[in-house]
């Protein structure tokens, strides 16, 4: 049953009967809720992409576990070509949705867990890798959406987990049983969690001796008893709940952020992939982060493409398409967007095989990729704002269009350049607004800064991976000193 | 009755009985409407500032027209000290509101109209200047809020007004009577229009021979028959309408943008300050724009101060205040903010007297000021986002706090560093969100790009004012060529 | 005799008996001249790299023409792996020399001429491609250095070649004979020309109908009668002529720029690869430029590595290695350098086969690569200057070290941190100076801006290749407008 | 004899009979030495500026000590107008010389010493202030050039002076006598030292209890026994020694950097202005640095003006003046240059009176000024390089012009756009080269980073002066938390 369609996915999601609190209220039929539906559609779009003529080339591949055809979002990468295709797929899906389509994080978690469990077994004599292979084979064959859960709340960041008044601020094992463990804690910023069938929990940082209880990695169905969810707000989110007009900007798609709480949840042994092997935890964090930093070189670039397109379109509608400075700003937007993409591709092209047999990106360049992502979208958004014009912040509601008086005023005075419809122009402006200051800005700007770790995390990795010592040697050789 | 208090201002505003359409509905009691009230409070704050111990030093001055004590927002600047104090006052009000307090535009219009009418009279034998003096004397003595209305809709920007299918896309005189003129058209992006007693209409660009009907400048009460208003939307604006909790971010204050339509409105002669003297129109645009570009070196800096403060505060609450990179980013934010301020001060300090006797900023540096404003707030917002953390895009609604289950989860897991309250931390995050992607971003980011003209307009002025020819001469002299 | 060593190359170069004017004097024994020798050594280093254990893996490959092992600098790329290896090789050589090693341009010209001649033959029935294959087979087997000559002097850039008073300002055919053509003109900025055995002349831009005489591409030995050379100056170039001490900074290596004049030079038919097919000229320019823009993603990154290494080293010598801001600046330098590299790799990884069978980079990303190169080295140089300290601009001459008094003063007062030698510290400072403001800055800064075309040229290409129309379609689909 | 002319200054300088080592050789007739003469002329130009019609308005003022007319370079500032005029004067002199004219540092030192000695006397009962008034009255009346000497060699920056193996690495008192002290040590980066009549030594940083010997401030004539000088090299410095042709770029002017060594030099009591009062040392450093950081908002802007002019000129000569991107880059250069200027003016306009009665700049904005100076000149230089073209790095020597063959080639092929002379074009290119990578780059780039302290020093001050606590309070008030 591999390679589901979007509607099959939605049906399977509804079967989970997930519940969550949204803006203070318990919601049961989540996929139908107006704040949730756009995010469900965005995930569903990744399934449909695997069925459209162009997308199927990118989104389908052969499983290394089962040999069957699978959706690439569940793939364990087998080559640099696979790594490149991953980035191309993400750009493609970003093009299709102009928002966060939420499905990368499980793929990135799986590839990290796959290689780390292998190495852990080698070093510690554990059997996590085989467990994970079995688990993931099912994910592939059922084409499941899996969320990866890493970020702990932390509280005071100056303290280690055991030093905190409340040790639960890092998710931890509170009880060990013969058949499994019981965990307590929370994971923040869970993108697309309520659109996922499964979740994989990972530690949030390198744990040290004495912090074994926090060095836990496992998978569970999202509808497991004891896990509860609170929906995150986004700027301008309630426009999704307004009468169905276009002020929402992105008509069909949107993101989803969820706070996930584990209240003494039981995890059976076969779902545990790390438990107390503190020396493996840092590696797991770094690898997952690096895969996910690569991802941003695809998905955000895909959103950037659409933003550039919308900006070129509004320039035409404003009658300024041929102004040199407008042309030049579009070129700059493309340049920045392609620079982001370049590092996504480069870290893929220079990837390497892990001992476990899947392929890993170049760690240095994946971090370089993400560090650029923390910067350039702001510049791209600024240029889009510049070209779009002040209406981005002052345009009346689409609801006015139904008013005989104000509707007429708007149609008369917001007139576009000849050949363009005034309401189309308003739609384009709302679409741009969505990405630069609206609900879409959560994914395009805030997530670009913090997703897969904030800039400081990338800088630390670049410092470590940048081989400063090797560069000093090059300089010494040329300068002629020992 | 000069130097009103905030509540006096609000009372006087209510007396105008202004009406507008907001999100498709006619609203009569505007100042009470939840989307409008924060903007009224922001204007009222500028009145109250003139009564607090520190603010009164900045906000009160002596009228050059009447000799009476007036609010500086109605002042005709009499020295470089006045110009500097204007910027300091704007920073002060930005500090008090963290949003656009809307009252600068009338002050900037008045100073431009004052000098241009004087020169027009000299050159054309008109009597506009005396008319304007009388008009403005009343504004000062009644401490009125005046909006300046410049931006025409334009439609296809590649065409001159008369070439457009609809010549009303630039506001114009459609009838000339003995006692006045009748105008038709619209003005977009009217910041604070519905919080103003009066409006001054100015042409949107330099008009040419044959475009006399579009070269019109006049003042009218905002509640003049034939003028109608449509309220502009802002990102996340409806949070102002939610149950009074803190998700709105800025609890008390906010901005206001209005589309203003003139349907064959009569303007009596004594309110007309330019009518057909096309050679004066470009000068008027340039001067108003330059005064308004100076303004941004004060007001946006004031908002920036508060954003920096909130960012420093959230760093403490996250327990990362002492991380070197956090400290360094705060320093960078301050540096950028003070660079904006520097050009605001510099264009004031190097100002000069006009033939009419009021003082004008240095035109080059005022444009330099604004061009920096089109850039640095994006960088400051990015750094604020970086330090604040991912919760900026994922935090649950404040409404959850009332839920016994999710409220408890949030209080447990969003815990701040020791000594800080979890709900306070959430409030600070919402405040930052407001400015970087919420309703406040309209003023802090979009308006920073487009207010007082987009970057391209500043670049044209810098090219003109930058004395390239003089610089070429300096180079030639040193290089020794003729 | 393929895959020469450095000394074999130098011997073969001397056999050419090239002459040039250097600073107003005719020089006959060029490779011995102190201004030339460092540049000869830099080219020779690329030969030696093909013989060192690590370098041989990158620098040797199999010819697609002869099947023999050749130096990659003469290779016609056969895969994306080849394109990637080209960039890695260039970084490697940059690491070895910290200057422009001059050998890329012929490789880039050859790959462009190879595919364009093939297509020209298909379209015009010419036989250029076979001529070029024969020519290039010899280049490979003899491991020759070939310069590519593109930039015409142009004079007034506002005019087409035929409109100029002096039509020779674009190199052109002045006579057509049965056995060949006679050309006149000049090529500027010829990097490494006097260290080359051969030169390939290409048109400088897309020629149009009526400009057939300027649409000429051919190859000649550098010692052909009628070609004369004038040596270009570099900042601080004469330090290479000073008593052999270390003030020169880069002790062994340096660049070379030459103005090349063709005074009615005969080109035999078998050396002509384009003659009057104006429709092919633009393509040739674009392809050569794109290959060469890719190159900068390797060679400048290689120099950047050494500059970063020298900067880390001077930080240690100054005792500030562990200062957070120093560490952070080193990370930023690495980040920028690897961003340059990323686009070099990405345009290679996404390369494609040409109809002629060799491989071409992705044209968009190659231009993105170079546009970043026009920016980031300035920032890297600024950061290096920041860390190195003011001595970069104030340090006394190394000649002082021999003076008993001042030498002692310098040794006492320029003392490095413990464990580091004062003279070593001075050497490192001179090395950095070389790259940021000295002779090396010609390659690292000026050439980074102008080599392979200035920023404006890359922007034009990005505008053309960026598929704005496709992006508009993506936006329209999501916005729901036709 | 106040307000000397340039030739009077040169005569008085020669009377000092200063000696120095230059490139390993003892030089006695310093002002005639080709490496020194341009720097003498640059200082002399500041004297002549006080005699030209425009300059005299800026450069002459009334002494607050004697009431006589003096050169502003010796002035103790008496108002914000004085502070602004200082910046205008520096821009004017930068316009006149396009290099470092070296005379600011003594003015900045004097203003700092003036106020610190006053406060020291108040706190410690010393009589330094009166000593300094007497000393400086003579400086003013004789219109002397005074160098300020601050930067100690430091060695390992991780250590305090007393912890170093060689305590002389910070200049210190080695003997105390009844009539004065004996000092030993060195001062690096002494701009214009050998063109000065006097020098004022100040401590290099805030000293602590136990470091009294290093807390020393005094003045001496430059030709005092025991002080010796070693000349610093600049990139491309020896072009000043070449046959007098224009390859030097800046034909008449240049900078000067000197290493100054004090070998047990006696300082009489009346020349001592601080001796052991460690609590005053940090204040002295901060004030001097702040005045000097203000200076950069004038002098570097002045050089920037000429660079912009030369760039506009070369654009004309290349026939690209009207290309939109060229125009746009010139606008950007002006914008950046005026942003530097703005902070110079702003810190002056917001200056305040010190207890001693002279005027001090706003400390925060002076640091903001300098931090921008550490950045924008690199961007301006990059844009100049972009517009100037590749010839900046490849142009043959001016010496070729005398060669009948190559001279003719150059004249033919480097032809400028119509109406411009080829040799003039070459001169302009050399002038730009001087500033962006030549001898002038020492002042325009390296000194812009390090003069008056490196970026990290400004960041520390901005962090201290930025009133983060006050900003936190603003935020708390608006957010409604205690």
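Which chain is which? They are A, B, C and D, in the order written, and residues in each are numbered from 1.
In this section, contacts are C-beta pairs under 8 Å (C-beta built on N, C-alpha and C of every residue); 3 or more make two chains touch, one makes a residue touch a chain.
From a predicted model like this one, the values you see are computed outputs, not experimental measurements.
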Give me the set of chains touching chain B intersected with the set touching chain C. A, D
Please decide if copies chain A and chain B contact each other with the same set of residue positions, more than half shared, or with different positions, and reply same or different. same
With chain centres set to the mean of the C-alpha atoms, which chain is at the far end from chain C? B
Selected pair, greater C-beta contact count between A-D and C-D: C-D
Counting only Cα atoms for the centres, state how far chain A is from chain C in Å. 40
Between chain D and chain C, distance of the C-alpha-averaged centres to the nearest whole Å: 37
Distance from the mean Cα position of chain D to that of chain A, given in whole angstrom: 51
Check: chain A positions touching at least 2 other chains come out as 325, 328, 459
Residue positions on chain B within touch of chain A in the complex are 21-25, 151, 153, 155-159, 165-166, 168-169, 185-186, 188-189, 228, 230-239, 242, 247, 257-259, 261, 318-320, 322-323, 325, 374-375, 378-379, 381-382, 385-386, 389-397, 399-400, 402-403, 405-406, 409-410, 412-418, 433, 436-438, 441-443, 445-447, 449-451, 454-456, 459
Interface with chain C, chain A side, in the complex: residues 80, 84, 95, 97-98, 250-253, 305-310, 312-313, 327-328, 330-331, 334-335, 338-339, 341-350, 364-365, 368-369, 371-372, 421, 424, 427-428, 431, 459, 462-463, 466, 468, 470-476, 478-481
Can you tell me which positions in chain C touch chain B when the two form their complex? 324-325, 328
